[in-house]
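Here come two complexes built around subunit A, the first alongside subunit B, the second alongside subunit C.
Our next item is the complex of A and B:
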């Protein structure tokens, strides 16, 4: 039996070797998109899965990160890592302000307000032509060139180079999110999800914890958006579309919410799934919709629950850190 | 400025009444059954398309076509309730959100496959000539849509207030368990409500589709607006949905006087403001 560390090492090895197998082609592009979406999905999981706040505006923070990063690169020449930090901060500040306004009342109203916020952001990106060039978008957001001692300047303009960069960033982000979810803050978030009155009664401010979860999630969504902008080299108002939020949410729920690493698997599945569904050709999205209905109705705990089940069947003790209630 | 105001108000009332019609159904589904139906706008789209197919392709007259379109979509609503939605009733919000998003993707892309992406106009027997009512330029189609919409809203109101069925709906609204105990078949009532909600949205689509256009992707924005209206009016309040719809339509129409680019943002900003100052919406739950 390979242990948990073994499995982790194996996955890391496979991911590192991916460019050797896949080459510079379309499949490596999908792997890069997987790394970018993994951050977005894991960050949404902190809000939805861990803290139990159903945000339907995650695309807003993804888009804010992308636009901030792109604008700073184009107008101030700020390279990717600076833009990434700025994008993450702008997304986090927006979330903190919005959260302070609306998180006093949670539930349905929070859900609809997050949708409204993302739509407002899209309309601003679409209509503030002087800044964003409207629907023409902002092209020419280049990948970074980083001088490395002994290796000269690495240009991340190739898919292989950018893949490793995205993989490292995604690894750091997902690891950080998992640490936050496991730490004292994460336990506060979980308390908020499980039983608000009880959490309040033991001195946890649910309002402040809700804002914190929303802000941290948005911060990482901003990083994801910035990475996207520098990879695709173009940003447009489409980034704020509800369909991005839907995609991230699907990754979270199908992956297994509240686990952080489940949504990463969800991101993998749903970046590759459109390719697998390609046999269905023009019926692709029809199948996608149908699959979503069936998956949520009949497998509500997602992929991680399936893997738990399998590992238990093969005689391993259930992993305590994975056992989180997923039916918030 | 002041002389064009009545025209903008009229346009706002026309669109707002339509929003109210769509939102009435969502009020039932969201407020009563607690299902956040993100596929509600697709019923609106299906109504428009059925009316288009029946008139333009099958050559059925405009008025029977609208009736048939509404009945077909209402029946589809009942079937979908039996197949999918009844499973969502006891589920957490996130499940209903995801399942209905899945359904909306499915229905929208099915419509794209069947009809293609081209916007189509529903052929109607109305004259294209404007009808001048003092300072307002209207058309026969607009007046017809407005009349039917208000008549339908009034009929729904009367049915809810003064019929046995309406009493059963209101009772179930307040206390599903007690309603079931007193002999109301809650499952059948929910299915019927779902069908009626879908039918109302379909009527909205068929009426507005004969003034503007119908296209497969028109459902998404209708869903968002219906949610805005339901939240504005107060979850589960029927008068609230009607007032909320009119408020949204009129604000958007007057908003175009200020900035047509941000017209659609007005609803979203309104909803955030109202939630800040009146978290229960304009009308409390009936």
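Our next item is the complex of A and C:
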């Protein structure tokens, strides 16, 4: 057994070495998408998995981050890191305002409103042509060029450079989300998820905790969206599509709700799996759906719980099991 | 029970003297109607600081509704409720809890997917401001809080007798143990006034005896306890004062020995058998 710390170091090493193995090709592109989606999935997990609020509008905050960042870059020349912060703040403020309105009463009304909010955002992006160019979208959102003392200016326009950038940003975001989930606020979020009347009875304001979880989740979704915009260099109204929300949600559920790390693994599986299944051609969607059903049936608490379970059963190190599943 | 009687008398004397902040709890002319149904009407009583006050009455008398009004889970249709002289009308249950008024539920409530220890530590969040960003950048502060919460939870679990269940999942406890856990979660919030809704219901005789002595110990530590209970043995033995509600109205209010002899109470609730037995 190699322990948690060892497993973490090994994964970090593998991730750092990925460009050496994968080169500048399509697979490195997938790894970058993994890093970007990992932030989105982990941030949704804080809302859905930790606080138990079924938000079906996460794409709204992902898209808001992307658009804010793109517009500030194109019109004000704000480079990526500034745009990232601005995008995260715009997403967080939108979530806080929306949350203050709709989180007094949680449950189905909240769920439906989050779907509607993302759709409204899509319609705004589609129709406010003067600002967003509508369907044509906003091209030319460039990756940053950062002057580093001693090294000159690093252009993150290459996949390898952007990969390391995305990896570091994702690492920081996931670490922060995990710390929030483990901290006093996260305990309050868990109380909200577990039993609202009981949480209220011991002084935990469910309303304020719900707003906080929703806002923090949106903040990190905004970062994810901003990274996406600067990597793909194009944003369009499609970013607000419900399919992004479902993708993030599947990553959360399959990865393991409420663990933050689980959805990161979910993001890995669901960014790469569709590509690995490409060999099956048109059957791949069938395989994909089948795998989803199998995963939900046999690992109802997600990959993380499933791996823990399997490693205990076969007495294997957790990482060995990850390899086995990835091969399967 | 002369001892209990004098405690109640002296406590009431203190309330009568009128501290600047007023009694722990004042319920004044409170009514609650659900549509055309009147659950409570003209309810008024005080709970002074310290001691054990029981609210009794037949099923459907409105006891749990009264608790829901005091803790903000339902708004009263009429009347006023004051905690230490300040009105709590319109406040959320969590605000009221942070004022020191914490309740347990008739139907046992726990945090199902958390361990016993973590449930109690969650109760210790009461009164701590929600500040995730500050905690993110000052992990030492957050860790120190977690340490304190853990220490407090260990103390409380030892007090209620669940110390050996610390790492069990809360839903794996027996029913009686879950009731005790719920009290422990409430205690972690450091209440000044603890409202217990039928704490001994569903408990065996041993567990009921245990919770009785626990309530007495809490009162000795200076906590004010208000309970709704059907087990008359429990009520008569541990209460300093008993408030009897029938059909949504207060029909008697006084020391247990006096209340038990009140003809109205005997007729409405206790029954002639109890009075004859000299309860």
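Here is the rule we use: the second predicted complex is superposed on the first by the 301 of 328 C-alpha atoms of A that agree within 3 Å, B and C clash if a C-alpha of one lies under 4 Å from a C-alpha of the other, contacts with A are read in each partner's own complex, and residues count from 1 in each chain.
FYI, contacts are C-beta pairs under 8 Å (C-beta built on N, C-alpha and C of every residue); 3 or more make two chains touch, one makes a residue touch a chain.
Please read all numbers here as calculations on a predicted model, not as lab measurements.
J.: Look at A:187 in the shared chain and tell me whether it touches subunit B only, subunit C only, both, or neither; answer first, second, both or neither.
T.: Touch partner of A:187: subunit C, not subunit B.
J.: With the two structures laid over each other on chain A, which partner does A:296 touch: subunit B (first), subunit C (second), both, or neither?
T.: It touches subunit B, and subunit C stays clear.
J.: Which partner chains sit in contact with A:145 here, subunit B, subunit C, both or neither? Use first/second/both/neither.
T.: neither
J.: Looking at A:4, would you say it contacts subunit B, subunit C, both, or neither? Reply first, second, both or neither.
T.: So A:4 meets neither subunit B nor subunit C here.
J.: More subunit A residues touched by subunit B or by subunit C?
T.: Per-residue touch count on subunit A favours B.
J.: May I ask you to decide whether A:75 touches subunit B, subunit C, both, or neither, giving the answer as first, second, both or neither?
T.: neither
J.: Pick one for A:242: touches subunit B only (first), subunit C only (second), both, or neither.
T.: first
J.: Which holds for A:179: it touches subunit B only (first), subunit C only (second), both, or neither?
T.: Second partner only, subunit C.
J.: Show me the residue ranges of subunit A that touch subunit C in the complex, using the header's touch definition.
T.: 176, 179-180, 183-185, 187-188, 190-191, 194-195, 197-209, 212, 216
J.: Can you tell me which positions in subunit B touch subunit A when the two form their complex?
T.: Spelled out, the residues of subunit B in touch with subunit A are 30, 36, 84, 87-88, 91-95, 97-99, 101-110, 113, 220, 224, 227-228, 231, 235, 261-262, 264-265, 267-269, 271-272, 275-276, 279.
J.: Per the contact definition, I'd like the list of subunit A residues that touch subunit B in the complex.
T.: Subunit A residues touching subunit B: 48, 54, 56, 101-102, 105, 107-109, 111-113, 115-117, 119-120, 123-124, 126-127, 242, 246, 249-250, 253, 257, 282-283, 285-286, 288-293, 296-297, 300, 327-328.
J.: Within their complex, state which residues of subunit C touch subunit A.
T.: Residues in contact with subunit A: 71, 73, 92-95, 97-98, 102-105, 109-114, 118, 121-123, 125-128, 130-132, 135-136, 139, 142, 145-146, 182, 185-186, 188-189.
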